[in-house]
Amino acid sequence: MSKLDLTRRGVIKSGAVAGAGLALPTIFTASSAAAYVNEPTGSTVTLGFNVPQTGPYADEGADELRAYMLAVEHLNGEGDGGMLNTFSSKALKGNGILGKKVEYVTGDTQTKPDAARASARSMIEKDGAVMITGGSSSGVAVAVQALCQEAGIIFMAGLTHSNDTTGKDKKANGFRHFFNSYMSGAALAPILADRYGKDRKAYHLTADYNWGYTTEEAVRTSTEAMGWETVAAVKTPLAQTDFSSYVAPVLNSGADVLVLNHYGGNMVNSLTSAVQFGLRAAQANGKNFEIVVPLYSRLMAKGAGKNVAGIFGSTNWHWSLENVAGARYAGTNAFVKSFGEKYGFPPSQAAHTTYCQTLLYADACERAGTFNPCGVGQALEGFEFDGLGNGPTLYRAEDHQCFKDVLVVKGNENPTSDFDLLEIVDVTPAAAVTYDASIFGGELGSCNPGA
Amino acid sequence: MDQIILQILNGLDKGSAYALIALGLTLIFGTLGVVNFAHGALFMLGAFCAVTLNRILSLSHTVIDETKKDFLGNPLKVEVPYVQGWFGESTGQAIIDWSVPLAILFTIPVMIAIGVIMERGLIKHFYKRPHADQILVTFGLAIVLQEIVKYYFGANQIPMNAPQAFFGSFDFGAMIGMEPGAIIYPYWRIIYFCFAAVLVGGVLAFLQFTTFGMVVRAGMADRETVGLLGINIDRRFTIMFGIAAAVAGLAGVMYTPINPPNYHMGMDFLVISFVVVVVGGMGSLPGAILAGLLLGILESFASMRQIIELLPGINQVVIYLAAIVILLTRPRGLMGRKGVMED
Amino acid sequence: MGILDVKDVGKRFGGLQALGDVNLSVQENTCHAIIGPNGAGKSTLLNCLIGKLIPDTGSVMFDGQSVLGRNPYEINQMGISRVFQTPEIFGDLSVLENMMIPIFAKRDGSFKLDAVSGFLSHRDVMEQAEEMLVDMNMADKRHMHAASMSRGDKRRLEIGMCLSQTPRLLLLDEPTAGMARADTNNTIDLLKQIKEERDITIAIIEHDMHVVFSLADRITVLAQGTPLVEDTPENIKGNPKVKEAYLGETQ
Amino acid sequence: MLGLNKKDTSLLVAVALLVALAPIILNPFPEGSALAQFNAGYPDLMQRFVIFGIFAVGFNILFGLTGYLSFGHAAFLGAGSYAGVWMLKLLTINVIPAILISTVVAGLFSILIGYISLRRSGIYFSILTLAFAQMSFALAASVLTPITGGETGLQTALDDPRILDGANTTGNIPAPSLFGMEMSDSLQVNVAGWLWTFNVGYYLAGVILLIAFYVAIRIFRSPFGLMLRAIKSNQQRLTYTGLNTRPYMLACFVISGMYAGLAGGLMVAMDPLAGAERMQWTASGEVVLMTILGGIGTLIGPVLGAGLIKYFENIFSKINSNLLHEWFAFLPDGLEDFVVAIIYPFIGKGWHLTLGLMFMAVIIFLPGGLVELGQKIARKMSGKSDDKQTKSTE
């Protein structure tokens, strides 16, 4: 990395503090003069990038971090500007946010709610971060989102797919760009019915935790609405590594589709087992046996290797989207170009969503004219935008969930490289995956500026 | 009925992986009296020996293919492995295809070397130290090994394929005279089970029928006396550690086509393998194997849909529940000796 | 009726009859030795007395109460203290702490949750422990790490710990086994002194005739799991049966 | 003082001073300076130091005194946490009932597990405790989701009843508080570039640590503590001395479990979330490591060990390459990149590597843990070299 990339935080910040150092002791921050927590007073603003750096999702976290650093570069007017050039809102000028240079701190969530909160709290209490973003699991997202609500900080969720994040556990200070289980189900069902027929019998293997439950429910509901029948749904422990005993009975269960409601290592291992047991090549009820993975990511596909070939799933975004589906998804190529030139490979969907979240936050601050979480929240609520690679998108006010088209992908039969493991099959329009905000319960509460 | 046979097969398969790791742990505990928390890491290192060999065999030079484009729209760079250049495309391809079995030959010397270095360089200084110290130092070592692997290979899983010839599954049920399609089982898992059986048999036979093995067994029973007889038991123990490391490594190599390896796979097995060793009885080799297979089968049965429906969550806890019941009814595990690790 | 009455005690291990119909009675304030060649069943008998083993047949009565089926700590609380073949002390603790534990056990019973009071509020225990250390000639070693003492001192400490409970019966299991001559003589002197100064019943299991004849008032000779004779030391010395049992061993 | 001897009194006073002045001591570098990254004096980390200190002190009462190595102690921390959050949800946002109930629930839970596990000793005991904890973890993360919140964790919510508190009208979930003082409230003092944060929650936890530490000293010095050490030293002798080890062990196990529950209650009082992974074996392993690192069987050791591990976890994981470049910016370009490239694998995402190396280094060179290091330094300083000094238990 060249030295020009550096943000000389130390120097600048000490300058700022030298000025503030003489101020009177502030008594009880909760009732201090500041209008909101961690109001940036100097010439910089600090964002907190809280991603898994250790544990099984470390590679995904590393990709998120790359995207964050790229976004910071672009916000500060360095690099080629990436999606700033295609973003429909033109409030950002490449001079930081509200004229303040963007700096960042990083932390390790370890993909554990406790550790993620510790890391986020240190960013808030020690580093003065005004926004926290990142994460690679719903457990972490829900936990950190609640923390940010209490602390009076905006939380821009990273990769989190459970309905709960903007459903039962939604918070006024939290926002999610990524899609969710419901949308996966709604997007997949019509295409599955189209390709595999309406007379199908599905067998679900479901990771035994919150995300697994919501995903199973979403896929079941939407496929059953298409006429599929659910033969069985078996819960598998999150810590399971060998899925043979779960996969082996599937073939003789009367089912002809296996749905793997698994993510990460669970998905890689269960899919590998399923292919080993010959499910891909098998016939059942006079049809070809099929496997479906509701949530795909490129890194998982890489882990499962050639086992993903021909297997359907959904994803939030893919780097080939604009080339395959046209200019509606403008921004994709701009982002892939600036990311690819900097790092040498195309970005993952986790990188994309975190990059978008950073830009969306910055843009909301600009439009609101403040970093105050309440102002920023208001600017994001109901915000309609385009040019961030997903086509026209709405940040719905009722639950702070983004609504955009959902990609249905399948494993590439003949990949030309490690990055070409998925191919886009179809794109389900946003209207088809939109649901009523009240169906998952939960309350946003009111925005908390922390002061 | 076919469901039950299927789950017994699954259990034996899973159990053989447990048994192999537990066997190595027991060898180290039995011979050296050391609680080795880095044993899972040795399993992982073995798996990554296979990955490394695969990488070496696939070392490539790039050829630019103008007809295809990469993600940035530039001409695609196609990687062509050197072995394909040297041996021709089909032979080269076959060599890469067979990298996992080939890795066995590569792994044995590497893992023995790692084991010997580990024992001479670190473990031997901890023979007289409390078990708590051994746990801490080997746990620290496990983290270090794991992080080094993560640094070079990343945190993501790395797909490894069995040779094409063993890809897919076959009709095991038809072979044993059941109706076709009742029991479909993957080739590689059967191979893994047989491999484990051969390895276990080999280690046991080695201990049973060679002078070396007899001395080591005598040393396991009574280290001081054997030492008094003027036999250099230390050197033999070093070799034993090397063998235990190689057993763990081979278990890892052969496991790669079953589940794609990642740096964390050793930790995933660590707790379960300790449970297996203790349930089998500390220091008992047959106990470790028996317990491994038993727990594997129990785990498989507990994952049956009919049983989960009856007892939700049983698949999450069955191994621990079994361990508790066995330890309460048989104070020293299935085949444990008296006085080992009881204080 | 003695203080300890063993009636018809038998014990089998698989096919081996370790003890068969042992009858024996230890009289109060005497020193009763049980001797016999290796494998005669001495240790098995002892283990039956202190609750470690339960005999298959017969009864063991201490002061009119059965000890069978009781836990070792209960038997101790009845008034039987035991000295082991290899000194069993608390090696990680100081000598003084070693001495305090039996006194606490005597005073407070088998369990008392006394988790917050310091030793200073147990002056009586401290004083008794200090006194016993003086009696045992170990006062200067009171802050030593018990494990770092010589074997003779460990034995002395162990005997002191047992005596500090003022037991009614003191069981000694080969108290001089593995000791150098000097340590053995010291131990004999110590035991003699104890015998003279305290109202105490001693049962001793011993291999070393020198020790036995220096201490015992009565001797039971055990051979192949059954008592051969029981008599005074003088009579035992000349008994041909005893000689035969011992010679039989040396063949 | 307080029924302690002089040495223990001075230890307690020293700990009290450290706790009281931690916000200042832990922030040795001025705000904004390059080394400010190493400051640990912010509320969250200080709270963690203290809470894990309590956890480790309690664990040491079991492991250090009796030598029984429980590999499932995190289960009690987790059970306490869940109980605490439920109190915050159902009863009142005041933390006192939550902390009390956490301790009690963990105590009851440890009676159950201890009663069964203590039938075995040595590694068989360790595996029994491990098995119970792993079962608790697995069930809490899956089938018990309605009670535990599953993998996401149990949190407070807007619509919680909180029957002792009045109706909530703010539209925000109330933060845990002590009679109106919120745990997150802080007094910030800015003195000539140094920023000191005096946090309510930290001081509450700190006071509780002092009480817990004081009780631990009393236990170490009591007849009960003596019996526990005797169990570690020679269980057979103890039985033949007329003492029943079972109730002693069980009482010790339960006290130790209650310390863990207290720590769990404090954790949710500071931050009202209880996650299942708090019960996982890795969490149990962590407290074992803390105790060994600090010094088994010593009073202050576990607190130091807890501090060291939490410091690594929270400070080293946050250093990134950007910061490294900043620190070494004074070097010539090539050298700077070289130095950064060498250090980089050990920080940020590589902090586990540093932790592993540290475990190995401490255990190889300092078998007695950090306390031994302290004793060595103290001996060097006073110029004495009395090797024969018996191992004391400070």
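As written, the chains take the letters A, B, C and D, and residue 1 is the first residue of each chain.
We take it that a residue touches a chain if its C-beta (ideal position, glycine included) is under 8 Å from a C-beta of that chain, and two chains touch if they have at least 3 such contacts.
Predicted model, so just to flag it, every value in this text is computed and none were measured.
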{"item": "Interchain contact steps from chain A to chain C (minimum; 1 if touching)", "value": "2"}
{"item": "Chains most often in contact, by C-beta pairs", "value": "A-D"}
{"item": "Per-chain CA centroid nearest to the all-protein CA mean", "value": "D"}
{"item": "Chain centre separation (chain C, chain D; CA means) in Å", "value": "46"}
{"item": "Chain centre separation in whole Å, for chain C relative to chain B (CA means)", "value": "52"}
{"item": "Between chain A and chain B, centroid-to-centroid distance (C-alpha), Å", "value": "35"}
{"item": "Centre-of-Cα separation between chain D and chain A, whole angstrom", "value": "33"}
{"item": "In chain B, residues with contacts to at least two other chains", "value": "312-313, 316"}
{"item": "Residues of chain D engaged with two or more neighbouring chains", "value": "138, 142-143, 352"}
{"item": "Pairwise chain contacts, counting only pairs that touch as defined", "value": "A-B, A-D, B-D, C-D"}
{"item": "Complex interface listing, chain C residues touching chain D", "value": "50, 71-73, 76-77, 81-82, 84, 88-94, 97, 100-102, 104-106, 108-122, 125, 143-145, 161, 165"}
{"item": "Chain D-touching residues of chain B, taken from the complex the two chains share", "value": "35, 122, 125, 129, 131-133, 135-137, 139-144, 146-148, 151, 271, 274-275, 278-279, 282, 312-313, 316-317, 320-321, 323-324, 327-328, 331-333, 341-343"}
{"item": "Residues on chain D engaged by chain C in the complex (per definition of touch)", "value": "3-5, 215, 218-219, 221-227, 229-230, 232-234, 236-245, 247-248, 251, 255, 390-391"}
{"item": "Interfacial residue positions of chain D with respect to chain B in the complex", "value": "63, 67, 69, 116, 119-124, 127-128, 130-132, 134-135, 138-139, 142-144, 235, 281, 285, 288-289, 292-293, 296, 345, 350, 352-353, 355-360, 363-364, 367"}
{"item": "Contact footprint of chain A on chain D as seen in their complex", "value": "30-34, 36, 39, 42-45, 48, 138, 141-143, 145, 150-153, 155, 157-159, 170-173, 175, 182, 184-190, 192-193, 195, 197, 271, 273, 275, 277-278, 313-314, 317-318, 320-323, 325-326, 329, 333, 336, 348-349, 351-352"}
